[in-house]
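Take a look at this one; I'll ask things after.
For reference, chains read A, B, C and D in written order, and residue numbers begin at 1 within each chain.
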């Protein structure tokens, strides 16, 4: 349904268009059952970045404070991309893995469910 | 309160807000006026384009042709923030209340001769409609203007105009013993009588003026600058000359108000004109554009109010306005 | 001269307002009030407008002048007596920091918004009511500034509120809420602010908060709070009148109004979560919990209001049940969020003392001990061990309410709610069904949101590092972070002659 | 009697005392709750503040609009004349 304005063809700036991020795209990364990080983090990342680099270079900066982090078995991590289960190819780029501008990546670590299993 | 104060150690970390420091250039303790005014309006990072304007932001400097490097410099010499304004007005309304009840208790209005009474009804009471338009116009300046210095003063002015429209209404109700008949007659004159039509047309045109600063000039400088001297001074003198003090008493609020209004409005155009030649030229252009129209629309009203003294009344009003404009460097 | 008869209040007020207008003939009504019909609200007869309060300007000046005289007498006395030292403790000041940076600018925005409405609406009664509210809102912004001015001299985080409001990440929550309303047409604005916000929600802002200020020894704030509330009562009745008037004027107005009520109830509720956090976590002495406040003012009183409006076909705001389901989680979640982002806020955060945790357990028996106490205790231990937790990433925000995506499913409180929409090929994220629905109804508008984390990444906020951004925000190194290590706390202890041990005792 | 409630919240100060007393006398079903700095008066259906009752307690003239000086909050539909200030919900 169109917005009713006092003039025809109401529209405004698309502030978060990918072109505005200087060659990067936005990616959100969250860790399920670890509410210490109250919400997913937002990161500007090059679409060509390999998924493996995201795991190695970005994720630790976001979540390594959590005591569970050191115990993650990266082979068992389950990933969700924009709400769907997904198996990333680590040496392929974010773009080739289907991670687009403003995609949300969620990490699920079976067996690791926060401090004392509390989801925190 | 039981406080063990180590008074020597209690030193302020700062004396005022940073936005005031940026404006005055020093962290001296600041006046309530400045703390209430400077930097309060949002300036950047507006989230959504307004549905009500195709080209403008929620707060937009380009709503007028006037350009200021710092809009906060359009200060109000009265230093009115809400509290100072409303306390000042509450005192004035107290005085007005006493005047009205003085006139009422002594039935002073009964002594007004019929012809003067008619004049008050058909040439003075219609001003309540003009004041209502002035209320809308100042509300417009408050809505679309830039920087709290001028917009808050416009807001107060808008409410003042509503108050004045209501005082004029009260004069009508006192004249007709609360029947409302005088107001009906006055409104019919405003709506239909030939003498008022040029002014009503001008008023309706003014209500569609888009540039808020132009509206400030047209309404608060030129129109008020001519109407108040004409109606509260010359017409007021005429009522007093016939031995009637009641009119002057009941319009004391307006007369005092206008003196104060002039102080505010003149400072605004003075500072705006001093900012740049282009501002000065633009202000001059607006005055040249509005003054003849307003003067022309006032002719039949002046005629009706003052009769043979009409031209003298208009001349005096023009002289009053010209003197003000000369003083602030716009002519 | 006729014998003066008594005029009834209504007729007299009409002579003082409605009758000031006239029938335009040189210009059309559409030329003079060009913004009155684009929203689709149909008004057939403005003369049916009922003024909720009939205050003429002389009475207005009289009452407001008296209120201001009293208010400023207290503010003067407050400053002369160093009364900022009389509050319960320095943690309390942090509630004022949020108030000054998030609420005071809204008062100002309301001032301007009601000026727009007071010029745009064609009925004189509605104009006058809007204009009076406009200038009242200016009053509120200014009395708050004048009251808090004294605190600004002695405490951090209060020194540059308007610069912060235009830029700081969490302040985009109130800013975008209000700008959504103010960038809309006059009827939507007045429904949003006078009705959904003032009538339905602000009792929660002022009643418990101001009572809280009284309870915590902040007489200056109580003073402006209650003084402002006396205006607020007028504003609330304007809100109700506007709604009833529009509904009575034309049946086509109902669905439009219902949608606005739904939208602004939800956005207002999301915004008020921050007030809830102040009530539950930031007042050293507490008056009532968020949950109790929500039950009293929304579930009971709000429900009665909507029962009243049922005769017009208005129903409870959509998703209100969600607000009730969230009531035992909301404030804990928000406090933990701000605790984690405390290094990027202009107020201090801390872990409540044990007695305060016990109060929270008592007020939130179903959730606090089960979910939130262990988290707070864990974070306290971390802090004691020198590992004060701060979240290192910029938060993902909800596109609509702009609060970080922290809300969880009440039925599964360790699972966040994620919703999304695709608009013109781009993905947008939401914290709730309600925020998604608001977006989906007007994506052209809500997609424009100026989301601070994204703006930082685009290079519009002073730089790429957190210190760059905090500098751009004008935060000093004393403004944020852990309360225990703050300059406020150190100064407070010095001024009050407290050693940390005495304070704990 | 209506089961719908109205309420009035007034500042707790000396000026409000006669009003509060007048309300208590004229609204037997009203329930008063005290909070710091403010009291809240709930009543079913209607709550009225009568000019005469306040004047009796105040010992001088009182205009129902004077309630503006003390109001903190309210809920209900306003019915206001020169002789009373009332809230209704029926």
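Descriptive notes on the structure:
Everything that follows uses one rule, which is that a contact is a pair of C-beta atoms (placed from the backbone, for glycine too) under 8 Å apart; a residue touches a chain by one contact, two chains touch by 3 or more.
Nothing here was measured: the structure is a model prediction, and the numbers come from that model.
Listing every chain that touches chain C and chain D alike gives an empty result.
Highest C-beta contact pair count among chain pairs: B-C. Distance from the chain B centre to the chain C centre is 33 Å, each centre being the mean of its Cα atoms. Chain A and chain D have Cα centroids lying 56 Å from one another. Averaged C-alpha coordinates give centres for chain B and chain D that are 38 Å from one another.
Residue positions 35, 38-39, 66, 185, 445, 448-450, 455 of chain C each touch two or more of the other chains. Across the assembly, chain B contributes residues 48-49, 51-52 that each touch 2 or more other chains.
Touching two or more other chains at once are residues 3-6, 10-13 of chain A. Pairs of chains that satisfy the touch definition comprise A-B, A-C, B-C, C-D.
Of all residues in chain A, those touching chain B in their complex are 3-7, 10-13. Those residues of chain C that touch chain D in the shared complex are 8-9, 52-55, 59, 63, 66-67, 203, 206-207, 210-212, 214-215, 222, 226, 229-230, 232-234, 236-237, 240, 287, 300-301, 304-305, 307-308. Here chain D touches chain C in the complex through residues 4-5, 7, 9, 11, 35-38, 40, 65-66, 68-75, 77-78, 80-82, 89, going by the rule given at the top. Chain contact summary for the complex, chain A toward chain C: residues 1-6, 10-18, 20-22, 24, 26, 28-30, 32-33, 35-44, 61-62, 65, 82-83, 100-104, 106, 113-116, 118-120. Listing the residues of chain B that touch chain C in their complex gives 1, 3-7, 9-10, 12-19, 32, 35-36, 39-52, 58-59, 81-83, 86-87, 89-94, 96-97, 104, 107, 109-110, 128-129, 131-132, 135-136, 139-140, 142-144, 148, 151-152, 155-156, 158-160, 162-163, 165-167, 169, 172-180, 183, 187, 190-191, 200-201, 204-205, 207-208.
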